[in-house]
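Two complexes follow with subunit A in common, the first pairing it with subunit B and the second with subunit C.
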Partner chain A sequence: MSPDTEPVLEVEDLHKHFGGLKALDGISFCIAPGEILGLAGPNGSGKTTCINAITGVFGLDSGAIRFAGKTINRLPTYRRVRLGINRSFQVPSPFLGLSVMENVTVASVYGGNKKRDPDHILEITGLAQIKDRLAGSLNSSQQKLLDLARALATDPRLLLVDEIGAGLNPNELARMTDQLRALAAQGIALLVVEHLMDFLDRVTDRIVVMDAGKELFSGQLYEAAEDPRVVEAFLGG
Partner chain B sequence: MNLLEYALLAGLFYGLYFALVGVGLNLIFGVMRIINLAHGDFLMLGAYGAFYLYHLLGWNPLWAIPIELVVFLLIGLPLYYLLVPRLQKSGDPEMLSFILFFGLSQVIEAAAVFVFSNNQRSIPASVFGGAPINIAGQVFPVSWIVSAAVGLAGIGLIYAYLYHSRPGRATRAIMAERSEAAATGISVNRISALAFGIGIAAAALAGIFSPFMIGAIEPSMGIGITVISFAIIVIGSLGNPIGTLLGGLIYGEALMLMQTYLASWSELLPYVLLILILLVRPTGLLERAVRSA
Partner chain C sequence: MVVAITVLAYVFIPYGYNNQFLLFNMMMYMALAQGLNIIYGYTGYLPFGYVGFFGAGAYGSALVIIYLHWSPFPAVLLGGLAAVLVGMLLIPLFRLSGAYFSIANLAAAEALYYIIANPHLASVTQGPYGISLPQVYDPNAAYWTMLAILVFALILSGLMRRSRFGLALGAIRENPVSAEMAGVNVVRSRAIAWLLSAFIAGVSGAAFGWYISVFYPETVFSLSITVFAIVFVLFGGSGTLLGPLVGTLVLYGAYNYIGISTPQYFQLTYGLLIILLVLFLPSGLTSLLRKRGIDVP
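== the complex of A and B ==
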């Protein structure tokens, strides 16, 4: 395996219980640099839990998460960010009392790579014109972009994108598709959790479908649509 | 008219000082969402520090400022790691913080009785020089002016820290969204520990001047100071350290007006203000929303 194709992220046999609920039940996958992997599944299938586990929001019951070959299970969130793992949130919560520029600057300063220029990040995410506005005054799609900008300001090698398409109009979705593909072209690996199948189809290279914390399917999206297990999981018995 | 002018000017000096009394409590609440009920006890310890530096070494209380800022910052850092991270992991850290810090307050008070005794202590106001100062035709003790100036400087420094420094920006990020701050690479515990240390150091700084503004130093003074501080930060807006300046000014003015015109009722002031503001404007006058539920 050449260095370029070595996975930047490997998750292996992850298990996480919340009380009696099995949120993750043996899920495994890997992502190579520059690859966009989609993570799909019905509500409650464990997609966001998976992202939370990778970013260190909570610990695992068992399993291994390796980033660039190093096991990171016990690292706190901020250390994972500094290694190069970051995420955008399903419901973005920017620092409302700080300006757009301050939001990105904080991430740039503390995220581990001071060389990322906040102005450049704001330029590529289309937020430069509103950089002095308070984050609390932005609409929801602008807050999503700010969430993405803040993640990019930490210079991630792996970006976990949680439901970023939700609430965006078709034009905004098309722009977001281009932005995510451009990030992958720079070598950033992306894990995209999404309910919008059309968006997922346009963005991802391959997908993993989860159900009840397990992998149900791995491959191309069009193949998943033909798989009876996937159809049953989404539509019910 | 002279009486009113005197009360208003004195209220300004007291207000600036009381802003310093409350700002540490508000910084800690803003960053950690916990109520430090031992706040007044740290102020009391700061007051004893200034007292002993004066009586044992003959040092002017102004020399106690740098010493106590460093000492109490250094006390705050390990105390944060000892108490707060575990508190944050609980289901209801705000509620549990009441119990934990009330316990800490009792321990500090008991230790203070043991070490310092129950005797009341004071530092003579003449330590800052002789003649009172004439302002707008009214005469005020130098100690009031010095206390107000230190209060204003303290608030100014905390403002500069929050708005013009890197850790200050991170502190504001944690105040806005504690959970997401970690997602930008901020070490939430390290920055919070610093804020905790600053909060306690600010209380100690206010303590240095308490003999001139509040009264005699004694181990049991902490709880009353904590109540006053709580009233001040609720008025100015919980979780907004700079709003404490407004809260302090309102409290100072109200206190001086009460002491001038209704002296026998002035002890009730913090409680009355607290009840009024909670009934009329529970988010405080600056209306910064700090609670999601």
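== the complex of A and C ==
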């Protein structure tokens, strides 16, 4: 993040526990407009929990989430969406009984910005040819694209992308890389949660590595690969 | 067109068929099935205690007729509002989902039944001794009122299905978390659908109470009313305007036909019909049309 750019998202000292499990344990980071921040870490390190907290799927025990300078901790999810936060899901979650077009239209109508044309969104995500098909009839990678299209239809300023690369073939990964970089070029801030290091390397500007709900490392991916704490977290002691 | 055909049928059939009570009940179940369709077919929440709204409407209207001497038409509307009030009290049930919601809703309807039927409240609700409305007895007027309620339910359901609001409800039915991520205010949208659904049951119960004029708590809080409405919606096809109409027409027609012609085989035949449908047409009769590429309204 360049020092003269105001962050669009600031998360500060987030804490969340489920029973005895500390899912988030003091994680903090920020993202600037147009920046792509990677969030990496072993399974169970709190990456998806972090996305759920930012989008308001569940509340925090403590900590602050500021979007465009405004604290949004207590806002319900749909209000956060209308402010400009959206996400894709680790397991694609489109509206299976609705058509591809209806999936995008509902987000376009309710997501806060009616100027986003669903046809245009389907065009840029490569779903225009199948817009009349039911979402339930799509394969997994098409459903991931539809998740992304639904998110884009709300005109987000911050997009949280949860393991969108998993299950994609090399060609699809390359296209997804280009798409995400194109979105960042438009000024959208992206938080990319991913296990595929090569994909993260090609997409992100910098990464934060999490372990047990805490920040383990922040910086460039190649530096992370040489950090003994990161190596230990991924490979074990 | 669906609305027009329905209206014409119920306007002209009485001229050649004199069982007005059966026609009234069929209209009532069509309206109830449509009301249930709004909350179940469009949002996916199945209220086993839907009859609670029906009973609240019947009692709400009857009590203002008895104690405040209201005329039946505003009393029917008040019956709808009484059901809406009950619906508002039950909105916290939406914290539950699936079978838990259905069962909690059933428990709430049973609780309401026991409150109404409580002998200690007989000075207010008439308790288990029931309601008698001889002063407003007018089955013809109640018949036309029920037809107006059915038309209202059909128009409302049709508008909801074709509107942006209907699209939002469809999104909620498919995945509430994703619906929130599409910007839909899930809590408010679901509550609106719930209260509209309650209103339809409430005015239907009020019109039913007016039509029969003498009823008891177990008459208007009978679980069979919910069961019939649910089965009619499922049999015809939920989430469509036509499905609940077709389901009621076929099943309630069969129910009466078999019950009169061959009552000894009634349970067997009726049960068999439902089992066959669940096995071979789980999405309802109207799914046959959809499979042939016909758009079902």
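By definition in this document, the second predicted complex is superposed on the first by the 233 of 237 C-alpha atoms of A that agree within 3 Å, B and C clash if a C-alpha of one lies under 4 Å from a C-alpha of the other, contacts with A are read in each partner's own complex, and residues count from 1 in each chain.
Following the convention adopted for this analysis, a contact is a pair of C-beta atoms (placed from the backbone, for glycine too) under 8 Å apart; a residue touches a chain by one contact, two chains touch by 3 or more.
Owing to the predicted nature of the structure, the values given are computational and were not obtained by experimental measurement.
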Overlay on subunit A: subunit C relative to subunit B, clash or fit: clash
Touching partner for A:187 - first (subunit B), second (subunit C), both, neither: neither
Partner chain in contact with A:77 - subunit B first, subunit C second, else both or neither: both
Which superposed partner A:94 touches (first subunit B, second subunit C, both, neither): both
First (subunit B), second (subunit C), both or neither touched by A:219: neither
Subunit A residues contacted in one complex by subunit B, in the other by subunit C: 55, 57, 76-78, 81-82, 86-87, 89, 93-98, 102-103, 105-107, 109-112, 150-151, 153-154
Subunit A-facing residues of subunit C, complex: 164, 167-168, 170-171, 173-175, 177-187
Residue numbers on subunit A that touch subunit C, as the complex places them: 55-57, 76-78, 81-82, 86-87, 89, 93-98, 102-103, 105-107, 109-112, 150-151, 153-154
Residue ranges of subunit B touching subunit A (in the complex, touch as defined): 166, 169-170, 172-173, 175-177, 179-188
Touching residues on subunit A, where the partner in the complex is subunit B: 55, 57, 76-78, 81-82, 86-87, 89, 93-98, 102-103, 105-107, 109-112, 150-151, 153-154
